[in-house]
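Per-chain numbering from 1; labels A, B, C and D assigned in written order.
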Amino acid sequence: MAADHPRFPPKDPDFEERGRSGFTRQPLMATLGAEIVLVEPGYVEIAMPFAPHILQQHGFVHAGAISAIVDTACGFAAMTLMPRGAGVLTTEFKINLMSPGKGERFIAAGRVVRPGNKLMVTLGECFAETGGTRKLIAMMTATMMVMDTPGIVD
Amino acid sequence: MAADHPRFPPKDPDFEERGRSGFTRQPLMATLGAEIVLVEPGYVEIAMPFAPHILQQHGFVHAGAISAIVDTACGFAAMTLMPRGAGVLTTEFKINLMSPGKGERFIAAGRVVRPGNKLMVTLGECFAETGGTRKLIAMMTATMMVMDTPGIVD
Amino acid sequence: MAADHPRFPPKDPDFEERGRSGFTRQPLMATLGAEIVLVEPGYVEIAMPFAPHILQQHGFVHAGAISAIVDTACGFAAMTLMPRGAGVLTTEFKINLMSPGKGERFIAAGRVVRPGNKLMVTLGECFAETGGTRKLIAMMTATMMVMDTPGIVD
Amino acid sequence: MAADHPRFPPKDPDFEERGRSGFTRQPLMATLGAEIVLVEPGYVEIAMPFAPHILQQHGFVHAGAISAIVDTACGFAAMTLMPRGAGVLTTEFKINLMSPGKGERFIAAGRVVRPGNKLMVTLGECFAETGGTRKLIAMMTATMMVMDTPGIVD
């Protein structure tokens, strides 16, 4: 899905450092075992290994854990396009869960589709990775509100 | 919002026991510190105390943690109306995050709005509780697919 | 669902007149045969009779026509809480279609759940009315952006 | 967005004829002035010219009309992958409206992202076309339920 989306230029040259450091200050991501693996302008990837403490009762990763990393990838994707000192806040997201959370690790990818001045619209995906193969298991659309102050995600 | 929704009868008299025991077998709920506090036919409440390990970087509860408990409340609300041996699976949800995750504890309430044979439509809410007062901070609509087998949520 | 939602006071005493006149200036509503039937602070109802030109190929009202009146009810519900000179704009909505569009007429009800300064979150419902009985057939959540100028919906 | 999505094979070689004839039997599409312009396996485009009877009061195309054509494009995209005699039914959709409905005509594109046996997940987009240039103005995700009988969309 990445290929033919337009890319948007960052307003802050330090967008990558800001994204990575903001991520490390989110305790829930550490609780889930997630890490940020790619930070580009308008595009972020987060990885989360399969682990017993994030499952539901049938041995799959809980939809709540999947949603959390995709929302976070979308939020930081929006952050990369913010000027210094501004932040974003998720106002809503919708996720379609297409296959169970089964695999070695999960890659959440978030990209900015519409970088508005007040609202940024993002598209997120989650892939289950097994033996080097990726399968799309969830798709999200999310709206981020732009905050003049660092806000919720900085 | 609860008052004038129709209530639906359970098909399995042991619905409450099934709901409570299913919940305890979801490791993510324990990871988040959540517990199930009310199980009625078509209606479930989950409580999660404010805690450092579920926050984002500004000291609010992460939207991912809020979403996880509301989705789970909606899933178990649907479960209470399933016959024995059947389960449900979240196929999609959408959440509007209306206020930051700030408070002493968070109550996620899920209710069944449309108990179909194939799909169940649910409405979820999250309240932040502080000093005994509840404030609505998030609203969700979610679709659960009915599984002939115990499925994802049992 | 109406009963236990809080009601919010209007900022413009002429909210009803503004809502009704704004509605009549929406040609799509006339095209669909819809009319506004109730305007209260934070709550609006729109009615649309069953008619051949709004159907899909199996004789039910098209989901697109249902969505259009529920979105409009939500938009005008938000409008009733705006100060004079301000307007709202739908930024996103999600609708769950629970039963086919079958009935004598359709009542779309929109209510404001969270009247924010920048964004207003609304909950919409659509009822199919037959022989005086109402059946809930669709549920929507929608976000309206507040516009300093009259904006899209005025 | 089209480029790197997998394509899925049709189960009925007459998928295109079925899609086109099903579309012509949807009176709402004629009411809106919409026509189906491209039918490929898992992918459908619908075009709707700007016209006075589909506007809201500020001279833009009403969000309800935009939603109707994107939902329909997603529904027929799913239809192209159905075996003969089966149909689909929209159970939910969510749309992000990113820019006003302003342009000469509007192209709604729907594609199947996950062709399940019970549920099909689709991604829709709406482009405003002006002087040969296309601008993305809306994005939708929609779930279609598979019907053994021709169902709502056939």
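Here are a few things to note about the model shown:
Criterion: a contact is a pair of C-beta atoms (placed from the backbone, for glycine too) under 8 Å apart; a residue touches a chain by one contact, two chains touch by 3 or more.
These figures come from a predicted structure and were not determined experimentally.
Chains that count as touching both subunit C and subunit D, per the definition above, are A, B. Interface repeat of A-D: among B-D, B-C or C-D, over half of the contact pairs recur, by residue number, only in B-C. The interface with the greater number of C-beta contacts, when A-C is set against A-B, is A-B. In this assembly, the C-alpha centroid of subunit B lies 27 Å from the C-alpha centroid of subunit C. Inter-chain spacing, taken between the CA centroids of subunit A and subunit C, is 32 Å. Centre-to-centre separation of subunit A and subunit B, using mean CA positions: 23 Å. Across the assembly, subunit D contributes residues 91-92, 94, 96, 141, 143 that each touch 2 or more other chains. Judged by the touch criterion defined above, the protein chains are all mutually in contact, each touching every other.
For subunit A in complex with subunit B, the residues that touch the partner chain are 22, 25-28, 30-32, 52-58, 60, 62-65, 67-69, 71-72, 89-97, 100, 150-154. Interface residues of subunit D facing subunit A in the complex, by the touch rule stated above, are 1-5, 94, 96, 98-99, 113-114, 116, 121, 123, 136, 139, 141, 143. Those residues of subunit D whose C-beta lies close enough to touch subunit B in the complex are 91-92, 94, 118-119, 141, 143, 145.
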